[in-house]
Each structure stands twice: as C-alpha cells, then as structure tokens.
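Each of the two complexes below includes chain A, the first together with chain B, the second together with chain C.
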Partner chain A sequence: MKSLLNNIKSRFSIKDVTEQRSNLVFIDVARESAVPLITYLRDYEGMTHLVLLTAADWIEENEFQLTYLLNNPEQKFDIGVRVRISREKATMETAHHLWEQVATYQRELKEMFGIDFPGSPGVDKPFILEGWDDLPPYRRDFDTKKYSEDTYFPRPGRESNDPAEYMKKKMYPNEK
Partner chain B sequence: MSLKDILSPFTAWKHVVKDPVTIKDPFTREAAERYRGFHKNDIETCIGCGTCEDICQNAAIDMVPVDGIETRDGDSGLRPMVDYGRCCWCALCVDVCTTNSLSLSNHYNWIDEDPDQFRYIPGVDKKEWDTNEKGWKKPEGNYELYDINRVKMEEQAPESRDDSFIEIVKGYSKEQALLEADRCVACGICTATCPAHMGIPEYIKAIRNDDLEEGLRILYDTNPLPEICGRICTHKCETVCSIGHKGDPISIRWLKRYIADQHPSDQYKEILGTRDIELNGKTVAIVGSGPSGLSAAYYLALLGYKCTIYEKLPEAGGMMRYGIPEYRLPYDQIDKDVNYILSLGVEIKTNTNIGTDITLEELQEQYDAVFAGTGLHMGRSTRVPGTDHQEVYQAVDLLRDVVLGKEIPVKENIVVIGGGNVAMDITRTLARLQKVKFGKVSIIATSLESEDIMPADREEVVEAREENATIIPGWGPTKIETEGEHLKGLHVVKCTSVFDEEGRFNPKFDEEQIDYFKGEMVVESIGQGMDISYFKGDIKENLKLDNRGRIIVNENFQSSIDWLFVGGDIIQGPDVIHGIANGHKAAIGIDKFLGEG
Partner chain C sequence: MRSNILNITEDRSQFPEKNAEGKIDVDLSSHKYLKLWQGPQHPGITGNMSLELTVLGDEVMDCETHVGYLHRGFEKLMERRKYIQCFPIVCRVAVPEPDFNEYCFASAMEELAGIEVPEMAEWLRTLTLEMSRLQSYLMWIGGQSGAFGSGIIGQWANYLRDLVLDRFEELTGGRIYHMYQLPGGVRGLLPDGFKDRMEETLQTIEEFMSDIEKVMFNNAVFKKRSVGMGYIDPSWVDKFGITGPNARAAGVAKDIRKDYPYLKYDQLDFDLVMGKDSDIYTRADVRRRDLLLSVDLIRQIFAKMPEKGEIKAPTPNVLHWKVAPGETYSRAECTRGEYGYYMVSDGTEYPRRINVRGPSYTHAVALLEKMIINTNIADVAGLMVSLHTYPPEIER
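Then we have the complex of A and B:
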C-alpha cells in the first residue's frame, strides 16, 4: 500500500489521504485527476474491480462528492477515490469506458442527484423513479416529508395531536 | 441439431430427486438479527414527545391518546400510532427517540385482509413480536442524532469568587448558544411544566434562526423578567426535558438569559412595540414590587391601566433583590428588567409601608382595583431552646441587611439550620464575608433532609462546598448551647426520615445518634411566613381563608373581596416564576373585573 501511495503521489496531484483501516484508504483528488487516477489504479496497481460509485450532497459547501470504490482482488484491499464537484454545475467525466457497469451507476446518480455524465450510455433514461418531475430526491434540499404529504393522501380516519397543544388542553385549558 | 442439444434438457431430470434450494415455508423463516421489522414501544418509558412523528419522512406516525395513560408533567399522555401503508422501515423514529422506548422487532411478515389492521399503537395493541428481542434498537454508545451533552457554561472558579459577590455564571456566547439550541428537539413537553407556560421551543427556535428580536418578543409574551429568570429561575422545565432522559436536559434557563443579554434596554420598546400605549383611564394599585407585582404591573400597563406600585423597601424587586445574593443575580440585571417595566408608565413609591404610611382602604378609594403580592419575608424559627439568644438570626433578615448595606455581625464559626436555596444563599453569603473578615471560611449548614432529598438546587450545594462551606445533611437541631451573651454551638440528633408514608412532614429521629456543631452564631433558614397584618378591619373580616390560614383566590387570583387580587409567594410557589405567572393571570382577571377584558 505504501509504495502504491508513493507511486500515485508522484504522478497525480493528491489533496489528501485518509488511511481508514489497514485495507481501506481514501484518496481525495481534484476533479481533473479523478478519472486518470482510477485508470492508472486499474491498469497498473491491480485495482481491477469497481465495488461501487456513489455520491454525497455537501449542500453547505455547495458541492457533491463522488466516491469511486476500487478493489484489489489479489491483495485484498480497497481504495476510495473521492472527488468534489460543483453542485451548481453538476457534471463529471464519464468512466464507463473503464468498467461497463459504471454506466448504470452514473444513470442512477443522474436520476437521484441530478449529476450529469455526458457521453455515458443511457444516462438520461429513467432508472427507477418512472416519470419523476421533482428535484432529484437524494439532493438534501428535496423535502421528502412535504413530497409524501403532497403526493400520498392520508388514510381516512387518521388524526394526530401536537404534544404541547394536547397538554395545554388537558392540563391548563382555561389559560391564555 | 446435435445429439447434445436433444439430450441436454433431460439432464434437468436429475434435479427431481434433489432438495430444492428455495425455502418451502418462507413464513417461519426468521429475519436477520438487526432486521428492521414491525415497531415495538415500551409505553411506560415513552413520554409521548412526538419526536418520532416529527422526523418521519413518510408522515406514517400519529400521536394519539391512550386509555389509562394520564397527561401529566413530563408526559403528554399520547403514544405513537404507525401506519404501515406509509412506513418504509427506515428506523429514523427509533434513532431519534428521546427515551429509547421505541425499537423495531425483526418480525417482517404479517397477513391480514383488513387494511385497517396495519395501523396500530406499538406497545398498546398487543402483537406477537412485542417480546421479540431481536431487531433494530438505537445503537449503544455515542450514536445520537443530537448531542446528549449540554454546552458547558463557563463560571468563575471557586478561588476567584469566594471572597466577592461577582456574578459566577458567565453566560453563553453566540456560538455556544447556537450549539445548545441545536440540541432541542422542539417537542414542547416543557411548556406545560413551566408555571408561566413560556413558549420555550419557540424561543429556542428563534436562537437557532438567530432572530433574537423575535426571541425577546416570545419571552415577554409570558415573562416580563427575562434577565432575572434567565439567571435564577428554578427551571422546572429542565426537569421534564425529553433530552434529559438519556442525556443532559437543554439549558433552557441559560438560553433565555442569552436572548435577554443580547439586547440593550433602550431597544426594548422598539422591539416589543410598546412605544405608544394608550391609557384606558383606569388605575390599579399594586402592593409589593416582587415578581408577581411587577408582572401584574407590566401586563396591566400593556392593557392601558395606570399602575402604581407601593414598595416597603428602598428599591424594587422584593426577594429577587433582597433575598437572592448578588453573585447569582447582579443588581444591574434586576434594574434592567424593572426599569423597562417602569418606562411603560408604571409608577413606584418606595419606602412606603401599607398599613402605616397608607392603608389598604385608602388604596381602594383611590384606585379601581388592588393587587397584593407581598411575599414571604418573615423567617420561621425552629423554636428549639436557645433560639431567643441574640446571636441567633433569621436568614432572610441577614440577606436583606446585606443588600441594605448594613453591617453583618459575622462570626468566625457559624452554623446554619436549613437545606433549601435560602439556606445555601445565606451560607454562601456568610462564607464570603468570613473569607474577607478572617481570611478563612468556617460555616456549617445542616438540614433535616438527607443529601438526596435536600430541597436546595444541586448546583447550590456543590458550589457551596467549592467555596469551603461544610454541608452536613440529615440532622435535626435539639438545642442551642449558650453561655450568657455568648453562643457556643448547636446540638443535633440524627434525622432518619422527614416525611411519613402519606408524604406529610413528620420527621423521625434516632435519639442514640447525636452530634454538636461549634459556632458563635446560628442562622435559621427553615422557611418563611407571610406578614398580612396590613389586612385590617372589614377587609380582614371579609377575606376568606382556607382551614390552613391561606388566602382563597379564584383562577384569576381574585380574593373573596372583589377589588382585591392576591398573588405571588403568599398564594403559590415560593419561587419567581410562579409569581410571574400569578401576576399575569391577575392582570387578565383585573381587566375582566373592570369590564375591559
């Protein structure tokens, strides 16, 4: 792992390295280095298996974070390549040419976060949401509760009480 | 077509005699240990705070009343009902639960033809998985969606405060207040327990939004003494805080102080919209300028009444000024709250004693109504032999004399009798004076109550000890040892219990265990009584008392004499926040009585 880290540090501009466990390291890189780095890891460092590609919404910093989790099946360790992209203009270079299944992950991220991967096969096809016309639901500014209240009618007979109001009614009904 | 193509389908026949890989009866298969299945709720632990309902992103939870569960302080009496047509088994409700009563079993299969069966109250509507130990629980350890530890309040260290009356508590910074406010789940369980029913979740929300003007308006809706209450309120609200079940309760009192501290008093009228109050031509006299009198005056003034407060002592505030030591409540903070009330046109006549300087009858003639909130200022005596000695004092008298600037006859060794907040106040006050006069502290406070049931706030006991006072709970005084004009000490006997089975005050002693505390001065602090000698003649005749000698008032704090309203410690409490609540209700009652409300 050490020599691997030295190898990539001399070739790519690495922002930060977090050694999570002996068999798991996270590497933060600039956007332009991300796809070249995972290409290098696949082709020269035995990280031949893509475990997953996922995203997180850092809304306070106005950024999305993409994580490419790669696995070295021979030496049995994982590397997570993390990259921050702008939330406003949420696009990223496609990596489907490295692993075919990346296209499916990218299609999912397009639908759930609204992150575009131009050139990725079928990236605009609906993934699971079927006719979604709201904010991408994994964005943190999507109000899940409001959506469920607006979209689904309550079962007839449902009634709820606010604890503070209910306590007033029971314990001090005559006070202002 | 090759021969292989013709024969290969027949190879499948070999599976006919193999065991199937699928499960024959999936309905008896148990789910994984931490599977998130149907809800369970320990309804005895649940307090109906509704945080589960609030966090549910599918609006799957309703808070509903349940037969046999009473609404009481700290428990709304409601319990969550889950609609499984909406639940997505995310378990956020479990993760946010303030009491850890809610959990998910790992039971996942349930068939019924009636869709309404899939709405039920976990823990109330009995289910077969109620005793299922497996499933999802909030993980132990440091897993919380909010911080269970309160933001620490900075205080003066014991060595930098024990010889002066400098304020101990420093107050929250903006950063600290925001963090503390962020711990609140806004359930509102606290509101019912606050005697003034303050909008606690609402003003904490104002802090989170950094809208402190809105915060101040919410405070003044129910409490015109926020600087004072933000420092010395008995904070009963915090005892029922839902977060307190598994962590530290929210610092509601310090957050209130934070709001009040942020606004200079000259902005109050602008923020609270009280620049132009129209007088309605009616007048009210208020006897006593303690919390109830000030509160009544404030809310009456808002309604347009011209109020005049009559105060026996040189300055306003009652027990807040003349009972509570300056290190807990600095005088300038009392002045800030009081001066704002006076700025609304409330007049105050200090050094004026009702009954001698002006009578109650005269007030009745000159004003449309009278509110009396004269408090409890007469110390009660233990009446053990020796209490008539000149070196035996009453705590309330000494505390008052300190504020009045009189010389306090501090002795080198002092014994205080009492375990309440007043006892701690006088102990800590005298300890400071001893430190200044003798360079050391030698004071013992002893109470009937054992340490665990001492009525004083816990922090008072802790801080008194930090200041080198000795607190010895669990002893009853039997005799004060005297020798001519000198006092020698206090004889005590072990107190084994204070209350009987019915909860009445009925102390029991173990005569075998005795002790003796040396001292040249004894201070009694076992409670205070009211002085209502200013009720004379017809008023005294017509004023109805109950069989324990307490004045009877209705829900508007109106006495049996229709123009006379009574509130504060002589009716309820004793504490500041009850007085404030009483004064507010009396103001509404007076408004009704005078035909304006």
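Then we have the complex of A and C:
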C-alpha cells in the first residue's frame, strides 16, 4: 500500500490521504485528476474491482463529494478516491468506459443528485423515478416532509384509544 | 426451418446488428420486432422490477431493466433519522437477507465510533448471518426450480425456510425482519434448548436437500435447460463487478468470508465452494453446496461459541449519540455476493450519507442486459433467477 501511495503521489496531484484502517485508504484529488487516477489504479495497480460510485452532498460548503471505491482483489485492500465538485456546476467526467456498471451509477447520480456526466450512455433517462420534475431528491435542500405534504392528501387514521380506558369501557360498560 | 422464416443470419455473433451506439435499430412498424414486458407483475420476475424485452420470434434481441417500483428512499430517510432509528430501515433493504444489512450498518458505525464488540456478540452475529444465508438460499432454490417449471421444490423449500424462520422467531422475536443486531452487540442470548431445535432443523434441511438434489439437479429437464445456458465469462467478473456465487461458479475465488475475514469466520474451518462451467446449472450447484456449507458452519459455530458472555459493549445514550466524523466502508458476504455499507458521518447525531452496495445493482442491470441477448423468452426467468437478483437493493 505504501509503495502504491508513493507511486500515485509522484504522478498525480493528491490533496490529502486518510488511512481509515490498514486495508482502506481515502485519497482526495482534484476534479481533473480523478478519472486519470482511477484509470491508472485499475490498469497499473491491480485495483480492478469497482465496489461503488456514490455522492455525498456537503451543502454548507456548496460542494458534492464523489467517491469511487476501488478494490484490489489480489492484495485485498480498498482505495476510496474522493473528489469535490461545485454544486452550482455539477458536472463530472464520465468513467463509463472503465467498468460496465458505471453507466448505471452515473445515471442514478444524475437523477438523484443532479450531477451530470456528459457522454455517459443513457445518463438523461430516468432510472428509478418516473416523470420527476422537482429538485433532485437526494440533495440536502430537498425537503421530503414538505414534498409529501404537498403531493399526498392526508388520510384520516384510526382513532387511537388509551388501552386501559378502552378495555374498561368494553368489559365493564356500566361502571363509571 | 425457423432461420428461413425469420431470415436470421447464420453467424450468431453478428446478430442482432447494432448501430454506432451499440443498440439495435428497432422499427416496430416493420412487424419484425415485438416489445414484450416481463414484469413487474409476472411470476417469472424476482420482486418488483421489469424487463423491457425486444424480441424477434421468441429470441430476445435487446433488454432494458426497469426498477423503481419499490423505491422508498431508504438512503434519504436515514439522513433524517438518528443512527439507532436507522435499524428498522436497513433491514428492509433486502427482505431475504435483513441481517447482512444490520451487520454492515452496525459495524460501520462501530468502526467510526471506536467500539469493540464482545466476543459472544460476534459469535451470535456470525450465527444469525449464516442462518440468514440458509433461509435466503432456500427461498432462491424455489425460485430457480419454479422458473424451469418445477413447482413442488418451491413448496418444499418454503417449508424448510419456515423452519429456519421459526428459529429466528425464537431468537429475535421476528420472522422476517429481526433488528437483532444493535450498535455494540446483539439484543439477547440463545434461548434454552435452541441448539437442539436448530440441530433438528438442520437435519431436516439436509434430508430434504438430498431429495432436492435428486429431483432438481438430476432432473433431465432441468439439466437440459440449464447446462450451457447463461454463460458468464471469467473475464467479465471485474468488468461487471460480479461477486459471490456468480463469480465462484465462473472459477473466480471471491468470498468476503475468506478474503476479508470478519466476525468469527477466521475461526471456522471451510473451503470456498467453487465451480468452473459458469452456466445456470453450475451456479445452482454452487448455491446448493454453499447452502450445505452454511449447515456445517452453524454446527461449527455451536461447537466453538462460549455458553455465556457479554453480548453488548457499553455505548453512549443512543438517542443523543454523536458518532465521530469520518467515512468508512463495511462489507459482508451475502448469498448474492458482496454486500456493503458506505457511511459518512459529520459528527452529528444523524448520518450524513449512507450508501448501500447491493450485489444486484450490477448483476440485474448491466450484466443481465448483456447476458439475456439471444436467449429464448422461456429462458429469461431462469436466467434472471440464476443471477439471484433482488430489486429493492438497486433502488434503495
């Protein structure tokens, strides 16, 4: 792992390295270095298994964080490549040419976070939601409570009873 | 000859012809192609998803997986709930295997909070994960045989699964969703006589599995329809992110229990269940042998686990617990492959972001869409079930 980190530090501009545990390291890189870095890791460092690609919304800093979690099946360790992109201009270079499932991940991120991946196959097609025209729902500023109050009508629920009172009335109706 | 009627070219590798985008040009008005929806209401589909098939005659030319019929926004819901309130949510991500969700969520949280789980709790967690594997395989075996027209095996398997659920009910109080694992440990010890009753259940399962082997795996129709069908090339394993029995049936040794031993798996004696032909039959056989391995592992767990011990590490008040900021990824081997939780904490009482990595995300979309081309409509269900897909973990 150490020699791998030295290799990539000499080739890419790494912002920060966080060792979470002995077999999991997170690397923060600039946006333009992310896809070249994961390509290098896949092709030269044996990180051939893409575990997941996901995003987190850091709304206070007006940024999205994308995490590409790669795994080395031979040497049994993981590297999470983290990249921050602006929320205002949420676009990222596509990586669908590296693994077949990436197009699905990117399609979902476009739908749920509004992060665009120009050139990714079917990225504009709805994946999970159908006919959605609101704010992308996994953004932190999407208010789920307000959405459900605006969209769905309230249904009257069952009347709730105090169990002790209810049973007393039912079993001893004449008793006061 | 069918090829003359439909004018199919003899070279199957060039068929159907694709355009520059890698898709076939479907002109429905030509009456050559037909769009066929398999699901969401269809006996040959797993859970709530549908396959939009483009067929020529009874041969599938193109396929698109559609999900979203069961989207409940679990990941978003968890951002608005305290960590302890997430436990009733995570188990619902995968109905057949709720315990893997509970374990991955709890262990990610424990890692960030720096909590050591007591040994007894680790043994009990290992036990519930193997029991969960057992009942999930039993559910699958009914689906796989049913997809090829043998309904009786599904009835046997459901009976056996019910026996395992009885044991779960004794141990946890719940049959399907258990919420047995909590941050720091588990909720309770084994009830009196549990080991004996579990042993009876395991013996019943073994007896039935020997019948199932005769009726399903030695069945001429099942063999004829599954041998050589649905081939996964070993080179696809990394390309498509294939894990679990689907990878092991292709001869690629991938099992989190061995590769990244968690809980007490490093103290259990087992070899990986492998296959090499990588077709539907091999995948089914790998799962059958993996099921029997679970039976063996449960016996080993009972033999090696202590009788009594601490089951929960001390934790802060769960209603006001601020988990230390950080990120981690926790994984486990479920029946379908690698299950994982990516957790981001910002140091508050609520998780910042939870991402569930379910194996079906890759198996049921990118992989299935590729494998299904050139199969017959009648084999679609069997092929899909052979990947052991489960839609809710795609749409979380």
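The criterion applied here is as follows: the second predicted complex is superposed on the first by the 156 of 176 C-alpha atoms of A that agree within 3 Å, B and C clash if a C-alpha of one lies under 4 Å from a C-alpha of the other, contacts with A are read in each partner's own complex, and residues count from 1 in each chain.
One rule holds for everything that comes next: a residue touches a chain if its C-beta (ideal position, glycine included) is under 8 Å from a C-beta of that chain, and two chains touch if they have at least 3 such contacts.
Owing to the predicted nature of the structure, the values given are computational and were not obtained by experimental measurement.
By the touch criterion defined above, A:Y172 reaches chain B but does not reach chain C. Once the two complexes are overlaid on the shared chain, A:Y68 sits clear of chain B and of chain C alike. Of the two partner chains placed around the shared chain by superposition, chain B and chain C are both touched by A:T144. Using the contact criterion defined above for the overlaid structures, shared-chain residue A:D57 touches chain C, although it does not reach chain B.
In the superposed model, A:F12 makes contact with neither chain B nor chain C. Within the superposed three-chain model, A:F117 lies out of touch with both chain B and chain C [touch as defined at top]. Touch counts on chain A: comparing chain C and chain B, the chain ahead is C.
By the document's definition of touching, of the two partners only chain B reaches A:S160; chain C does not. Touched by chain B in one complex and by chain C in the other are residues 144 of chain A. Put simply, chain A touches chain C in their complex at residues 18, 20-21, 23-24, 26, 48-52, 54-57, 67, 69, 73, 76, 78, 80, 99-101, 103-105, 121, 126-130, 137-138, 140, 142, 144. By the touch rule above, chain B contacts chain A in their complex via residues 48-50, 53, 56-59, 61-65, 71-72, 76-78, 83, 85-86, 115-116, 119, 187-189, 191-192, 197, 201, 555, 585, 588.
Within the complex formed with chain B, the chain A residues making contact are 144-145, 148-149, 152, 154-155, 157-168, 170-172, 174-176. Of all the residues in chain C, the ones that touch chain A in their complex are 21-22, 67-68, 71, 73, 75-77, 79-80, 111, 238-241, 254, 259-260, 326-329, 331, 338, 340, 342, 344, 352-353, 355, 357, 361-362, 365-367, 370, 395.
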